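This report refers to the structure that appears directly beneath it.
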Amino acid sequence: MTPDLIYGLTGIAVFAIGLTGALCAQDRLRRVLALKLCSLGAGFLLVVAAWREPPAAPDPVPHALVITGIVVMISATAVALALIRRLQSLEAEDDD
Amino acid sequence: MTDPFLILDLLLAGAVIALAVATLTVRDLFAAIVLFIVLGLLSALAWVRLSAPDVALAEAAIGTGVTGALLLKTLHHLRYVAGTLGEQTAHGVTPVTPVPMSVIWANAAFCGLITLGLAIAFLDAPLGGPGFDALVADAIPASGVDHGVTAVLLNFRSYDTLMEVVVLLAAVIAVWQIERGLSEAPSPDLSVIWQGFARLTLPAIVVVGTYLLWKGSEAPGGAFQGGAVLAAVGILLLLSRLYVPRPAHRALARWGFVLGTGVFAGVALLVTGGGRVTFEYPPEHAKTLILLIEGLVTVSIAVTLAALFHGREPVAVRAKEARHDA
Amino acid sequence: MMLDLIAASLVVFGTVFFIAGTVGLLRFPDIYCRLHALTKADGLGLALVALGMTLKAESFGEVFRIVLIWFFVALASATCGHLIAAYARQADREGKA
Amino acid sequence: MTTFFGIIVVTLLVSILTGLIRVHRGPRPADRMMAAQLVGSAAVAILLILSRAMDMPALLDVAVVFALLAAVAVVGFVVLASRKVS
Amino acid sequence: MTIDAMTLTLFLPLFGAMAAFVFPRVATGIGLVTVVATCGAVWLLALEVLKAGAVVTPLGGWEAPLGIALRADGLSLAMLAMTSGVGLLVSLGALDALRDLRQRQYFWPLWLLLLTGMNGVYLGTDIFNLYVMIEVIALAAVGLTVLSGTKEALRAGLEYMYASILGALLFLMGVGFVYLHLGRLDFAGLLEAEPSGALSAALALMLVGLLLKTALFPLHFWLPAAHANATAPASALLSGLVVKAALYIFLRLTTYVPLPDEILVALIGALGAGAVLWGGVQALRAERLKLLVAWSTVVQIGLIFIAFARAGQVGLTESWKAAALLILAHGVAKAAMFLAAGRIKDEVGHDIIRDLDRAEVRPTLAQFTFALAAISIIGLPPSLGFIGKWSLMEGAMAAGYWHWVAITMIGTLLSVAYFSRVFAGFLRFDRVRGPVGEHQGWALADVAPLTLAIASISLGLMAAPILSFIELGYALGVTP
């Protein structure tokens, strides 16, 4: 049992939970959360792939990829959330 | 006796999975967001255990900090608009038709199958297997920086990083396009204590952000983490309404958004010539150029993330349009 | 060796405070009591752990950063305790009104 | 010493996980937020100890960021939650 | 400072986008100049490829796998040329179609960022870089989808956003598995790789993600609403160009890493057949013109996937040319069709098919354009669509796969049926009409779609040179 094994399986589980949520969730905000879980799972997988048995240093390339992925994901989240807010405002206007 | 760190890893892994399930199943949305933030913190801890402090920093600052603030703000907006902003609020915010349990179970079974397949493929793969380790070790002396992740982000794969900043730019343009108007919400009533807090912390946060940026060339840190920490200052200013965006500030903000991308792309083009291709920094100036790019990209990231949090182009709109935008 | 022992006991005491805070958070009946438990755990627990770790630090830079961390957490926890209490009281009043 | 640190860290983590029950149960938003704050502080403590146990001084920077963000999150919560409903 | 054509193709639209965003008052001018300049850069690059076969630039001087290389060959150039050519004409069409100042301000930066992303995809050779590029495309495309700001557009845009993010994340997970197994991320590494379980999982994740992004049945759920509710130039870009980026990556990946099993190839073909039938039926039932055109995109994508599967042969070595031709044909014709549909809606005031013949205004030229584009989409000679469909069926017949021939024929008949609903609205003269409106006749706005429609037909006459061009540089051959 090494950390990479434990966390690798964790990452896959988190990805799958996020996938289930993205397919099943109805609430708009909850779907965004589910997608964030997917991206977290992918991050786990890449970090695990970079891990080397200490004292060897890990491979920096996947770390850089995960950082890129995190930044890309917050951009996408921000756009999705802006859409949700605007949509809610428009729908509320209709109800009046 | 078993290694306590093994127990730590197992506990963390179990907690991460349990939190992921709880985030999607807990009925109250606010609780879901808080659980998600905690999940982000625990993932950062897990990544620390996997010797990835850079990623842990980025996840804590961007994936958890700024994202958490964004989610909380959106939830607040939705409940405000729906008129259910109270202590015991509605659980969801969008009108939904309930999904039959059978569909949920079918989906879950389907995803379970996928998990199984992925887990088998994962166990099948050579762990600690091939990678870029040797290539990076060979190339680092010529990269201009001493820290692997920074060398990858700003030299070996700087094209990816440029495009990543472009994604941020696209996001802020799209968000400005979607939402507009001035914030109509009243100033929050924050007491003297908060002002003392702000006076002490805001400069300290700026210092920490700059320190992270500067440190990136030899140790974990860098433009994205530093930028996110600086963005926290912007978020605090926006929240406490110490700074209120006005239509007149738009031009400056636009320059702020494109500054990093522009300089990054500009330098990439300017270094060409004399047998060098795009992005090929001359070795003797590599460190200077990388620091220049990082510094300006940090500024852009901070401004952009704060603008994404604010989430609207500050223009004066007609009263009817503005009513529900608050 | 002596230093190690002192550091270890400080860390243990800090951990005890964290556990106490958690128990308080779970068992205390209302929000103000829980807040009380929380701020104690935060402030003292982290202070003790940080103090223990400064004894084990290897360079001045590390000591400085640990002190900075403690300062931040203490400041933030005090401010947030105040803000949360004010928020809860305001919400209570509105609830009664 | 490393084993000792390991046991301490596990204890702190268990305390965090117990505290999460309060996040899940609520009932008020402020309760959840307080519990989250406790998680943040305990995570900072864990990082302080891990930085020695794993011999990675860089973790102190991660701890600084954790400490900052806990503050930002709570301030954000209070500000957003206390804006009046009109 | 000496900049090669390949870098220019990427950086010109990027700088244009930034300039158009910073100077919103002159965004239109900046945008037009940039698109024209990008066309020029693509032309220069095409000359280089004609001379050298394939052009490779290792960015930063770091060779792959550590660095990222850009590579242009015949196929990527064909895609680049289609993108910038169609993009130029849609930009001209946008001059008239976007009347709202705010829409104009935001259309240009978003469209130029979209162009950057698509050019990056066609030049990319690194799968993680492709992930970042499809995210650039996704965000810009969502921004364009909701440009009109209506509730329907926002709802469709949100669905599109969810589908896009999920598709991209599946792709990212696949990238993770590729790294786990191979330790590298460039195409050359994929080509050399030994097949294994982890690699198959990686490929499956990436391909499903791409199918979601390219909207193959049954993952097409987001497409019709998103494409039907956007403003006309945005619809033309989304339907004509954006879905092609994911298709292109699909084509590359399946060539470098052959699908491990014939059954999977057949499955993709079956999904394509499903798209042709289901999309055709939905197009028959559509009430609005733009919705019908959007459903026809679903049909056409299904057809392209049948072309992938047509040879029924693992590795798809034979079928990619038909697929490439269909991609090019659809890109040009669909852009023309959406622009024309937008013109019709603009002049008539609505786009309800049933009431088209009752309109008081007769946008004759737009209707003519629509009909011309329909010729290519249905696949009548001598259009490019016909050549694509013909080479698809020819190969299928030669290999004895009669079921694909039958599906293609049924799809063609269905498309004749649903387009005749529209033509009936255009051509019926028996009802009493009001006086002819003012917009009728030769308006500048009709020039762009008409040019595109004419191109979609006349390109069919140039099929032979196009075919030999896309083979340049071993586009999908042994040495990437």
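The chains carry the letters A, B, C, D and E, assigned in the order they are written, with residues numbered from 1 in each.
Everything below uses one rule, namely that a contact is a pair of C-beta atoms (placed from the backbone, for glycine too) under 8 Å apart; a residue touches a chain by one contact, two chains touch by 3 or more.
Since the structure is predicted, the reported quantities are computational estimates derived from the model, not experimental observations.
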Chain-contact steps, minimal, separating chain C from chain B: 1
Other chains in touch with both chain D and chain E: B
Chain whose mean Cα position lies farthest from chain B: E
Chain pair that, of all pairs, has the most C-beta pairs in contact: A-B
Computed distance of Cα centres, chain D from chain C, in Å: 10
Rounded Å distance, chain A centre to chain B centre (Cα mean): 11
Separation of mean Cα positions, chain E and chain C [Å, integer]: 57
Distance from chain E to chain A - Cα centre to Cα centre, in angstrom: 28
Residue list for chain A, restricted to those that touch at least two other chains: 15, 19, 28, 45, 48-49, 61-62, 65, 68, 72, 75-76, 79, 83-84, 86, 90
Chain E: positions in contact with at least two other chains: 66, 128, 132, 135, 139, 142-143, 146, 154, 173, 177, 179-180
Residues of chain B touching at least two other chains: 49, 51, 87, 118, 122, 131-132, 136, 156-157, 160, 164, 167, 170-171, 174, 178, 190, 194, 201
Chain pairs in mutual contact under the definition given at the outset: A-B, A-E, B-C, B-D, B-E, C-D
Complex contact set, residues of chain C against chain D: 4, 8, 11-12, 14-15, 18-19, 21-22, 25-26, 31, 34-35, 38, 41-42, 45-46, 49-50, 53, 56, 58-59, 61-62, 65-66, 68-69, 72-73, 75-77, 79-80, 83-84, 86-88, 90-91
Residues on chain D engaged by chain C in the complex (per definition of touch): 1, 4-5, 8, 11-12, 15-16, 18-19, 21-22, 28, 30-31, 33-35, 37-38, 41-42, 44-45, 48-49, 51-52, 57, 60-61, 63-64, 67-68, 70-71, 74-75, 78, 81-82
Complex interface listing, chain E residues touching chain A: 66, 128, 131-132, 135, 138-139, 142-143, 146, 151, 154-155, 157-158, 161-162, 164-166, 168-169, 172-173, 175-177, 179-180
Chain B residues within the chain E interface of the complex: 117-118, 120-122, 124-126, 129-132, 135-136, 139, 155-160, 163-164, 166-167, 169-171, 173-174, 176-178, 251, 254-255, 257-258, 261-262, 265, 268-270, 272-273, 276-281
In the complex with chain B, residue positions of chain A that touch it: 1-10, 12-21, 23-30, 32-34, 36-37, 40, 43-45, 47-54, 56-68, 70-79, 81-86, 88-90, 92-93
